[in-house]
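Have a look at these structures, which come just after this line.
Here chain A shows up in two complexes: once beside chain B, once beside chain C.
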Partner chain A sequence: MDIAPYALQLFSGLSRAMVLFLLSAGLSLIFGVMNILNFAHATLWLLSGYVTFSIFTFLGQQFGASPWMLVPAIAGAVAVMALVGFALERFLIRHTYDRELPEQLLLTFALVLILGDVIKLIWGLENRRINLGVRPIEMLDTLVNPYQFVIIGTGVAVAVGLWLFLHRTRLGKIVRAAVYSRSMVSALGIPIPKIYALVFALGVGLAALAGGVFLPLLPMALGVDLDIIVQCFAVVVIGGFGSMLGTFVASIIVGVVYSFSILFWPDGALAMIFLIVIAVLIVRPWGLFGTELRY
Partner chain B sequence: MTANAKRTGPLSRLYAKFGISGPVTPVLLAAAIGVPWLPGEFWTHVGTEVLILGLFAMSFNLLYGYMGQISFGHAAFFGVGAYATAMLFTALKGADGQIGVADFLLSLLVGPPVAALTALFVGFFCVRLTGIYFAILTLAFGELLFYIVFSWYSFTKGDDGIQGLLPPPFFQDSTNFYFFTLAIVVVAAAAMWRITESPFGYAMRTLRDNQRRAAFLGTNVRAHMLANFVIAGAFAGVAGALWGPFSRSVNPTLLGWGESGIAVFMTLIGGAGSFIGPMLGSVIYTMLQAVVKMYTVYWPLTIGTIILLIVLFAPGGILGMIDKRVQATRARDGAAEAEAAAAARAEAPRP
Partner chain C sequence: MSAHDKKWEALTDHLKLSRRDFVFSGMAAGALTLTPRFVRAQAGMPYKIGVLLPSTGTGANYMAHAIKGLPVAIAELNKRGGLLGKHQVEMVYRDTETKPDVGAREAKSLILNDKVDAIFGTYSSAVALAVQEIVHEHKVLHFAATSNSSKITQDNFTPYTYQFCPDSNMQSGAVVVAVSRMAKKNNWKTYVSLGQDYEWGRDTHKGFTTGLAKVAPNIKEARQMWFKLGETDFTSYITAIMAAKPDFMFGAVAGKDAETFMQQAGQMGLFKRVPFPGGLIAVNDLKAQRKTLPRGIIGLARCPFFAHLKEPIMQAYIKRDRTAFGPDGYPDDWACMYYDALGGLEQGAKKAGSTSTEAIVKALKGASVETCRGKRSFRDCSNQLDVPSYVGEVWDSPDYPFPIYKPDTMILVEGHEVWTQSCEDVDKLKKKRA
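For the complex of A and B:
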C-alpha cells in the first residue's frame, strides 16, 4: 500500500488541527467564562494575520529580510491584538452581558462585517502570505513542508501551557472556577470584570498567535474567516464548551477528518464535519468532554 | 379631553386592538401598492425583493419572536424551496425556454411542501435543544444542506446554480410580477397572523417565556416546537419559491448561513417583538442595500455599524422603540386623564 498521500494528509490535517485548536481554545474559554459566543473570533484571527504580515514586512525593510523576523512579528501582532481584544471587551461587549443571547450573537456578528471591511479598507483585496523559503524534506516516501512541524509544535506547546495556566496558577484556577459559577467567584470578592477583560484579551491573543503561525502555510484572504469560524464552532461543540481537553481532541478530529475527506470527496469535506457536529449534538449535546452541568 | 380625542383616530384604534403592528401594517400596505408608480423599473424590482425577503424574515420570526429560539439555518428552507421550484420549473419548461402559466404556478406550489418536509426532518432533531445549542444545530444542518446542494453536481448543478428561470410573458413584466408577489405575500402574512393569534400561537408564547411552566400546563412542548418549526419552514419555502422566478436563477448560497443572517438582521432592525417588524426590517435593509451599493462597496461596514448601533441603543428594533414611546405617552395621557377625573370627582358636591 502506498502511504505517501495519507502521510501528507495526516500532516496537513494535524497542522490545520493546531490552528483550529488555538482559535477554538480562546472561543471556548470566552464562552465558558463570559457566556458570549464570539462570532468575530475568526475575523480577529484574520485581522491578526494581516497585522503580522505588515510587521513582518516592516521588520524586513528595516533589518533585512529573514525568516526569523516572523517571531518578533508574531509577538508584536499578539500584543496588538490582545490590546484590541481588551478594548472590544471594555467598550462594546461589556454592554451586552445582561442581554439576551441573540443580541450578543448579533453584536459580535456586526463586528465580523465591520472588521472584514476594515481589513479591506486597510490592506485591499490582495491575499497576503509570507514565503519563508523553507525546503520540503523527504520522509515516508513523500515531500513534507517542515514548517508544518513548527505549527504542530506550537499548538502542542500552547495546549500544555494553557493546561498549566488553568491548573497550576491562581489566576487560571479563578478562570476555571468562573466557568462553573460566576456568581460564586464574584461573591468571593474576585473582581469579575477584570477576569472578563483578561479572558477576552487572552482569547484574542491566542487567535493572533494562530493567525501569525498560519501565514507561511496558507495565504490570508478576505472571507476565509467565515469558513473558519463555523469550523471552530464545530470544534467547540464536539469537544464540549469550556473543556480544554475536549477542544484539543475535537480540533484533531476536525482537522484530520477534513484533510482525509478531501481525498475522497473534495467538495464535501465540510459536510463531513457538520455531520459529526449534528451527531454529537443529538447524542451528547454537551460535547465529548464537556460536563452536563452547562447544558 | 384632548388625550381622549387623540385616541379615537383609526390608527389609534388599530393600535389598541392589534398593538404596534395594527397601525403600521396598513401604512406599509398602502406604500407597497404605490411602489410601481414610482419612476423607473428599479424600485419595482427592489420592492419585489423587499416583499420576498420580508416574508422570509417574518417566517424566521415565528421561531425567534414567538418561540424564543434563534436559528442560523433558516435559509436552508428558503433555499430548498427555491431549488424545488427551480428544478420542477426546469423540467416543465419547453425546449425554447418558455413555460406555460399552469406549469409555472405548479412549480411555485411545489416549493413550500418540500421546504416543510425538510423542516420536519431537521426540526425533529433541533427542537430537542434550546438556546446556543439550538442555534448551532440549525447552523450545522443548514451548512450540511448547503454543501449537499453545492457538491451534488449531477442533481443540483452544484455551484453553477440553475439559470434561465424565465416566467411566462405576463409575469415577465416587473409590475405584474410585483403585484403577483404582493398578493402571495399578503395571503401568506394573513395566514401567519391567523396562526400566531390562535391558541397554538399563544401556546408558543407561553413556552417561549417558560418551557417548564408550559409543560406543567399540559402543553406538549416538543410537538408544539416541531409544528412551529415546520410552519416557519413552509413559509420560508413560499418566499424561496418566489425567489427563483424573480431573480431568474437560484444558487447554493441561498441555503448558506449568510442568507440566514439576512433574516436575522431584518428581524432585529424592524423589531422581533411585533408581527410586522421583520417586514419593516426588510424595507429598511433591502432599500438601504440597493442605495448604498450604488455608491460604495463597503455595504458590510454600513450594515454592521447599523446593527451595532441597534443592539446597543435600540434593543427592541425600530418598532420596539416606537412602541415603547407610544406606550409611555399613552400611560402619561392615561394618568393625566385619571387625575382630571379624580379632580372632577373631588370638586363635585358630595351627596
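For the complex of A and C:
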C-alpha cells in the first residue's frame, strides 16, 4: 500500500491546523479570561495582514526587497496591533463587561463593519499579497510548498511559548487563574482591568502574528475575515473556551479531519467538522479541555 | 489642511468627484426621489443607473476596475450630452457583498428609493437570479455583464435582462474545444474537477463534462471536489488532486478564490505535475499575479483587451482608462463588459428614440450593437449577446508590464459555435412568469 498520499494529506492537514490555531488562540484567550466573544477577531487579523503588507513594502523600498523583510514586518505589525488591541479594550470593550452577550456581539460586529471600511479607505478594494519567491520542493514523490514548514513551525512555537507564558510566569498564572475565577483574582488585590487590557492586547497581537505569517499564502482581501471566523469558532468550541491546550488539539482535529475528508468524502468535509462541533456541544458543552465551572 | 479636508480629499479622489459635483449630484438625487420615473424619462431628465457589484466578498477583486471605471465612462457619455443627447446619466452604487439576499434587498432599494431606470450587475450568478425577480416585478432594465450562469438567460429568462458576457455553457464549450485538442495531442485519459460549490460553479462544471463527453467520450472524470465560497486554504485540495494523479484538471473557480488557489497551487508545484487548461485567468489576474502566475499555463478569458486591439472602441477605451488610472490601468475583462453594457444602453436608447424601458427592451431585442469586441448581436430568444470566449497560453509580452495570452496560441471560440441549446430548447426551459 502506498502511504505517501496519506502522509501528504496529514501534512497538509497539520498545516491547515496550525493556521487555525494561530488565529483561534487569541480568540479563545480573550473569551476565556474576559468572557467577551470577539466577533471582530478575524477582522483584526485581516487588518494585521494589511499592516504587515504596508510595513513589508516600506522596508523593501528603504532597504531593498528581500523575503527576510517579512520578519521585521511581522514584528512591527504585532506591536502596532497589540497597541490597537490595548486601545480598543480601554475605550470600547470595557464598557460591555456588564452587558448581555447579544450586546457584546453587536458591538464587536459593528467593529467588523468599521474596520472593513477603514481597510477600504486606506488600502482600497484591491487584494494585497506578497511574493517571497518560494519554490516547491520534492517530498514523498510529490511536490510541497516549503513555506508550510514555516507555518507548522510557527504554530508549534507559539503553542510552546503560550504554554511557558501561562505556566511559568506570574502574569501567565494570573491569567490562568482569571479563566477559572475572576472574582477570586480580584479579591487577591490584582487589578483585573489591567489584566483584561493586557489579555486583549495579547489576543490581538496573536492575530497579528497569524496575519503576517499567512500573507505569503493568502491574498488579503475584504471578506476573508468572515470566511474564516466560523471555523475558528468551531475550533474554540471543540477545544473549550480559554484552554490553549484545547485550542491546539482542536485545531489539529479540525485540520486533519477536514484534510482527510477531502481525500475520501470531499462533499462532506465541512459537514464533518460541524458534526464534531454538535457532538461536543451535546456531550461536553464546555469543550474537550475547557472548564465547566466559571465564577 | 484639516483632518476633515483630508478625509474629504481621500473620498473624492476615490470616487473621482469634485466637491461641487458631489453637492450638485446630492441635490439632484434628492430632487429625483420626488419625481416618478416615467416622467423623468420623457423630459430630458437624468437617467439613473443602479450599479450592483461587490466591493466585499469573493468577487470584489474582479469588480474593482468596473466600479471605478463606470463613473469615468458615464462622465464621457454625459460630455456627449448623455442618452439621446439630452438625458444625463447618473450612477448610484451599492455593494452586494456577493450575497443573494443583500443583492435582492439593494435592487429593491435602488428601484423604490433611488428610482433607478436600469440596473447594471451583478458579479455572482446566484445574486443575479435573485435580482432578476425584482427587476421583472418592477419592469426595470437589467444589464448583466459578469454573472453568467446560463439560467439567467434561459430558465430564469425575463425580457428585461440583457446579457453582455458569454454564459457558462459558452465558456465551457470554449474550454471543451481547447481541452479536446490538447487531449488528442497528449493522449489524456482522466481528469479531476475542482469547483466553487454554488450556482455558477455547478453550471460551468455541468457544461464542461457534458460537452467533453460528446466530443471525447474516452476521457473520464476521476473525481470531483467542491469547496465553499471564500475558501482560504486549498492545501488539502491540492494534495488530494496530486494524489489522484490525473492527466489534467478542470476548474470552475473564479474571483478571490481563484487568486488564492492559483497562488497556493503555484507554490506547491501543482501545475508542474497536473496541467490546468481553461482555468479562468482574466486580465485582472494577469495583472495581480504578474510575478507568480506560472507561464505556459492555459487560461480562459471573457473580454481580454489584447484580443481586440484593432477595434476602434477598444482602442479609445484603453486610452481613456490609462489616462484616468495610470499606465497600468488597462481595463480588465469585467470592466470591458460593463463598458459594453453602457454602450448597449446608449445604442438601445438611440435605436428606440426614447429612454423608456419598454422602448429600449423592444429596440434591443435581436439587435446588433457596437462593442469593444466588434459588432455583436443579441440572440432573439434569450437576450444573450453573441460574444466569444478566449483560451490561450500565459506568456510574457514585451509590450506590457504583465503577462498576456500568447497570440499564436490563442483560440477564439464564437458564442454561436458552442450554443448547445436551440431557441426552441431555450423557450421550453423558460419558467412561466406572472
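In the analysis below, the second predicted complex is superposed on the first by the 276 of 295 C-alpha atoms of A that agree within 3 Å, B and C clash if a C-alpha of one lies under 4 Å from a C-alpha of the other, contacts with A are read in each partner's own complex, and residues count from 1 in each chain.
We take it that contacts are C-beta pairs under 8 Å (C-beta built on N, C-alpha and C of every residue); 3 or more make two chains touch, one makes a residue touch a chain.
Owing to the predicted nature of the structure, the values given are computational and were not obtained by experimental measurement.
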**Request:** Would you sort A:L166 into first (chain B), second (chain C), both or neither based on which partner it touches?
**Result:** neither
**Asked** Looking at the overlay, what does A:V118 touch: chain B (first), chain C (second), both, or neither?
**Response** first
**Request:** Applying the touch criterion given at the start, work out whether A:D267 contacts chain B, chain C, both or neither, answering first, second, both or neither.
**Result:** both
**Asked** Touching A:R99, do we find chain B (first), chain C (second), both, or neither?
**Response** first
**Prompt:** Counting only touches as set out at the top, which of chain B and chain C does A:I190 meet: first, second, both, neither?
**Reply:** neither
**Message:** Which partner chains sit in contact with A:V19 here, chain B, chain C, both or neither? Use first/second/both/neither.
**Reply:** second
**Asked** Of the partners chain B and chain C, which touch A:F233 in the superposed model: first, second, both, neither?
**Response** first
**Asked** Now for A:A87: first (chain B), second (chain C), both, or neither, which partner does it touch?
**Response** neither
**Prompt:** Touching A:F109, do we find chain B (first), chain C (second), both, or neither?
**Reply:** first
**Request:** Overlap the chain B and chain C contact sets on chain A and report the shared residues.
**Result:** 116, 120-121, 226, 267, 270
**Prompt:** Can you list the chain B residues touching chain A in their complex?
**Reply:** 64, 70, 125, 128-129, 131-133, 135-137, 139-141, 143-144, 147-148, 150-151, 158, 257-258, 261, 264-265, 268, 297-298, 300-301, 303-305, 307-308, 311-312, 315
**Fill in**
Per the touch rule, the chain C residues reaching chain A in their complex are 10-11, 14, 55-58, 60-61, 63-64, 67, 97-98, 223-226, 228-233, 235-240, 242-243, 256, 259-260, 263-264, 267-270, 272-273, 288, 291-292
**Item:** Of chain A, residues touching chain C in the complex
**Value:** 4-5, 8-9, 11-13, 15-16, 19, 116, 120-121, 124-127, 129, 131, 134-136, 142-145, 147-148, 217-219, 221-224, 226-228, 258-259, 262-263, 266-267, 270
**Item:** Of chain A, residues touching chain B in the complex
**Value:** 37, 92, 95-96, 99, 101-103, 105-107, 109-114, 116-118, 120-121, 226, 230, 233-234, 237, 265, 267-268, 270-271, 274-275, 277-278, 281-282, 285, 295
